[in-house]
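Chain naming follows the written order as A, B and C, and within any one chain the residues start at number 1.
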Amino acid sequence: MSKHTFAIGGVHPHDNKISRECALEQLPLAPTVYISVAQHIGAPSVPCVAVGDKVKVGQVIAQPGGFVGAFIHSSVSGTVKSIAPRADLAGRASTHIEIAVEGDEWAEGIDTSDTLVTTIPEDPKAIIEKIRLGGVVGLGGATFPTHVKLSPPPGSKCERVIINGCECEPYLTSDFRTLLEKGEQVVVGAALLKKAMGDVPCTIAIEENKPEAIAHIREVIAKLGYEGIDVMVMKMMYPQGGEKQLIDAVMHRQVGSGALPISVGAVVQNVATALAVYDAVQKGKPIVDNSVTVTGECFPKQANLVVRVGTPLQYIIDYLGGVPESAAKIISGGPMMGRAVANLQAATVKGTGALLFLTEKQTRRAPETGCIRCGKCADACPMGLEPFLLNKLSKAADWDACEANAAQDCIECGCCLYSCPAHIPLLDNIRVGKGSVLSAIRARAAAAKAAAEAAKAAEAAKN
Amino acid sequence: MASTIIWTIAVITVLGLVLALVLYLVAQKFKVEEDPRIDEVEKVMPGANCGGCGFAGCRAFAEAAVKAPNLDNNYCPVGGNDTMAKVAAILGYEVKAKAPMVAVVRCNGTCEARPKVNEYDGYASCYVKSLLYTGDTGCAFGCLGCGDCVNACQFGALSMDPATGLPVVDQEKCTACGACVKACPKHIIELRPQGPRGMRVFVSCINKDKGPVAKKACANACIGCGICAKTCTHEAITVEGNIAYIDPAKCKLCRECEAMCPTGAIHGVNFPKPLDKDAIKERIKARQQKARETAEGNAPAVANKKADAPLGASPSEKVVKVKEDKKDE
Amino acid sequence: MSKLLVSPSPHIHSKDSTRSLMLDVVIALIPAVICSVVFYGWQELLVLGVSVASCVLLEWAITKYMLKQPSTIADLSAVITGILLALNVPYTTPWWVVFIGAVVAIGVAKMTFGGIGQNIWNPALVGRVFLLVSFPTYMTTWSKPQGLFGLDAVSGPTPLGAIQEGLMQGSTVQELTSAYDYKDLLFANLGGSAGEVCALTLLAGFVYLCCRKVIKPWITLSIFATVALTSLIFWGIDPSRFTDPLFNLLTGGLILGACFMATDYVTSPMSLWGGVVFGVGIGFLTMMIRYFGSYPEGVSFAILIMNSVVPLLNMWFKQKKFGRK
C-alpha cells in the first residue's frame, strides 16, 4: 500500500485514539440551548426570530450577515427565551439565541428517515444553493461557509475535490466513526461535492491508522458505483489534514503564500462537512447537530456523541459523569490545535469536534530554557519556516522582518512548540507576528485600492 | 639605523596626508545638505528616543519640528514644557504649555478583590493572553497582570506589585511618553494631567459589564450606579456603558464622588489628608437638603449655582488653592 | 478539580527536553569513555573526573554568583563539555592543566556569551586549543599507555605527529605509515588524546545518536567524505609526500571531532545544505592543516573556524518555504 504525505516537516505525536471503539451515540436534549450567531468565519448572522417565538428543529433563526456568512437554524424545538450577549469558551461575549427546549418537533420539508438517497441532482447550482440554505460550514475546524468555498472566483477552475478524512490530530475519533457508521452518506456527499464542482475527480484521503474506515469506504464506493471517487491512504503524520499539506500530499501542488486552494485547482472538504452536505441536499436537513468526541486518559467514559448545536459544554460533561478530579485542562478540539476551555457554561457551535480532558502532567508547560539552536522547530515546521527566528523577530516587534521571513504563512499547527526541547513558547509569539503582518498586508492592500480608485476618479474627472 | 627611523616617519606622514585628503574629498562629495537647526533641536531633546511624540526618535522629531509650520502637532511629552520652550526658541515658534501628564492605571482588581477562575499557562505576555481569551479572572476588561506595560516602559516608572498583581506607576519617573498606553491590550492605562502637586481623582475601573456582573467578578469594580455623577457639582463625571469617567479638565478635586462611591472604584491620590468620608457625606446631605428647600420655594437654577459655593470642610480650602494654582499657570 | 489551565495551543509536548537530548549524548560517549579508561588506566579517570567536575562546578558558580541567574547545570551540557575536553587531552596531562582548560571552556567560551545556546565556538574545543597553544609540552608528548591490563608503555609521538616529524627529516610517507597497522588504528592501539584512540566506540556512539534522532548524520558524513576525497586527490598526486585517505580518516581527532564536536547543536548550522557545506569546510580545512600547516592535527582548528561562519551558513542555506520559489 503506497502511502502519501506532504513534502516538508511534520511531527509524529502518539495518536491516542482511545475512543475509536465507541459508536456514535445521540446525546439527550439539553433543557436549554444557546445558539451563537457568530459560529463561522465571516460576518455574524442576523437573528430573524424574536423573544417568545416558537421555533422547530431546522427552522432558520438567523440570516447570513453577508456573502461570507451562513444561515443558522434552530437545533431544537421550543421557545426563544432571549437574544443577548453570552460568553463563549474563551469568555468573549457574542450574541446567542437562547431557546428553552419543548419536545422535538422538526420543521416541515426535512426528511428524518434513514433511507439513503443516492440520486445526484443534475444542476450544480441547485446543489450549492441547497448547501447554502442548509447553513453548511467547514466542520474541520475553520468553519468557513461551504457554499463560498464551492463558488470559485472567475478564472479559477477546480480540478479535484479532496474529502479530508485524515483526522491527524491525536485523540479525535468523530470523523473515524462517521466514516465507519455513515460511510454511505459521506460517499454520497462526496459525489454531490464532485458534481457541484463540475464532475471533477474526487479523492477521499484517510490516514493509515484507520484501516477499517479505508476498507469500509472502498466497499461503499464499489457498492454505490460512483465513478471518479477513490480512496487515498495517507501516512500517519501531523499535520496531514492541514489543507495545504493535504493538497500537497494528494496532488503534489503547493498552494502559494496567501493564496487559496482553488489557485492550484483543489477544493478540500472535511468528512463531517461531506455528511452535512448529504443531509442538506438529499434530506433537506440543515446543520443542527454534529459529532463530538469526548475523550482523554483521565476521563472515565469515552464517547462519540451526536450533539445538538448550542448545547452547553457543562451539560455534555455532566451527562458523562462530570469533570474528573485529575483533569487539569479541557480542550475544545484536538491537543495540537484545539482551544482551551475557560468557560464551561459556553455552548457548542457547529465546528465543535471534540472535548478533550488532559491531566496536569500531560499538558502543563515546562519552564522555558535557553534556545540550543538544535533546529528541531525548523525541521518540524510543515511550512518550511524558521520558528526560532520568527519567535525572536516577533518578540522584537520587527514586523517587516517577520514578513520577510514569512510569518504570515504560519498555519498555527503547533509542531514547533511541540518539538522544542527548550520549551520556548514559539507559537505563542509567532501568532503575534503573524497577526501584525497580516494586518499590515491588509492595510497595504486597502491603501493600494484607495489609491487606485482615487487615480481612477481623477482620470474620470479629467475626461 | 637613523635612516630607518627617518624613512618610517616620512612614510607614515605621507600616508596620513594622503588618507586625510581622500577622506576630505569623500566627505565633500557625499555631503548632505541639512538644516543646521535640526542638530540644534536634537541637542535640546531628552535623547531617550522613546517615540512618545509619535516619531521614530528624537532626531526624527527634530526633523519634523523644523519642517512643520508650527509646533501644534509636535510635542515632546518627556521633555515637557521646558524642552518645548527651548525648541520654540530655536525655531522661533510659539508653543502652548501643556499640563504635565502621568500614566494612570485604571484597574484595581487586586488578587483579593478579583479572584482567579482559571490558571493561564501560556507565554507571560498580556498581548498573547488577550489574543487567547478574556483572562484568568471573571472580569473580561481588567488587568491581565503579565506586565507588558512594565516591559514597554523605558524609564523604569512601572513595576508590578506582587501583592495586588497590578502595575504601579512611579510618578517621579513617569514621563507620560505613552508607551504603556499603547502596550496595554486592555486599554487600561490612560494619560491624565498630573494635577496640582500630584493630586488627582479618577475611576480605577473600566469594566463595562452591568453592575451585578461586574461586582461578582471584582469587589472593586465600578458598577455604573451613577451616584458619583449625581453627587458631582462640576459636571465632571459621565456614566456611559456602565462605567463612570471623570473628566480631569472639569474635576475640582473635591473628592465627594470618592466618598460616595459604594465600591471604592474612585481613587484620589497624593492628597495631604486621608479622605474623611463621613464629613463629606454630611456636607453633601446638608447641601442637598438646602437645595431641596430652595427648589420648593424658588427656581431650580439658583440651586445649581449655589452648589459651587464654598463647602466649609477642609477639602474645600484645597479647591480654592487649586484654582489659584491654575491661575498662576 | 482545581482551577482549569488555559493556554494557547498546542497542549501536548514531544517530551524531548534539552536535558534528555544531552543525556543521549552522554550515553553515546560512554563506550568511548570506558574504552579510554580501560586503555589508559586510572590517570585517564583522573583527567575525566577533574574535567567534568570542574566544568559543572564552574558553570554552577558562574550562573549563581556572576550572572545571578537560575542554574543551568541540570541540562547536562556542562557534563558533555567536561567529557569532550577530557577526551581531547592526553591522559598524562596534569590535573591543573585540565582545570585551566575547563575554565577557558566554560568560563570563556560558554558563559561569557551568555551560557547554553549563545556561544559561537564549541567550548570543549576552545579549551583544548587554548591548552594546545599554552601548554604544548603537555599536549603533544604522548606516552604509549600502560592501561588497566598492563600493556607496553612506550613514549612516542602520535601517528600524525610522527609523520610530520618524519617528513621534515626527509623520509617518505610510505616508510612512515608502514609502521602502522590500520586495524590497530580502528581498535585503539595507538598513542594520542584519550578520545583519539578507539574509533569503533566513537562510531558506535554516533550511530546511537543518529538512531535516537538526536543529531542528523549529514555533517559527520560530509566531513568524512571531504577528508577522504581531499586526501585521495593529494595522495594520488604524490604518495610519497601525502598520507592516504584511510590513514587520515582513522587518525587524530577526526572521528571524535566529526561525530561529537562538529555536530554540537549550538555551533553547527540547522539546515541540511548548511550542514553539508559546514562539513565540507571542516574536512577541507582539516586536510589543509594536516598537509601544509605547522601543527600535525587540524580538526580542532577546522571546526572552530567553521563555527565562526555558522551564522552566515544559517542565513544562506534555508529550508525551502512551502509554496514559494
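The rule is simple: a residue touches a chain if its C-beta (ideal position, glycine included) is under 8 Å from a C-beta of that chain, and two chains touch if they have at least 3 such contacts.
These figures come from a predicted structure and were not determined experimentally.
> Could you compare the number of C-beta pairs in contact for B-C with that for A-B and name the larger?
Answer to which pair has more contacts is A-B.
> Farthest chain from chain B, comparing Cα centres?
C
> Taking each chain's centre as its mean C-alpha position, how far apart are chain A and chain C in Å?
49
> Using mean C-alpha positions as chain centres, tell me how far chain B is from chain C in Å, no decimals.
The computed centroid separation for chain B versus chain C comes out at 57 Å.
> Nearest whole angstrom, what separates the Cα centre of chain A from the Cα centre of chain B?
Chain A and chain B have C-alpha centres separated by 44 Å.
> Return the residues of chain B touching two or more other chains; collapse runs of consecutive numbers into ranges.
Counting only residues that touch two or more other chains, chain B contributes 117-118, 121-123, 128, 131-133, 136.
> In chain C, which residues are in touch with two or more of the other chains?
4-8
> Quick check: what residues of chain A touch more than one other chain, meaning two or more?
329, 340, 342, 363-365, 425, 428, 431
> Touching chain C in the complex: which residues of chain B?
So the residues of chain B touching chain C come out as 116-123, 128, 131-133, 136.
> For the complex, which residues does chain C have touching chain B?
Result: residues 3-8 of chain C touch chain B.
> Residue numbers of chain A touching chain B in their complex, please.
Touching chain B from chain A are residues 87, 90-93, 329, 340, 342, 363-365, 425, 428-429, 431-432, 435.
> Under the definition above, what is the set of chain C residues touching chain A in their complex?
1-2, 4-14, 16-18, 20-21, 72, 75, 77, 114-118, 265-266, 270-271, 318-324
> In the complex formed with chain C, which residues of chain A make contact?
7-8, 11, 13, 170, 244, 248, 254-257, 259, 323-325, 327-331, 335-342, 356, 358, 360, 362-366, 369-376, 378-379, 381-386, 406, 409, 412, 414-415, 417-423, 425, 427-428, 431
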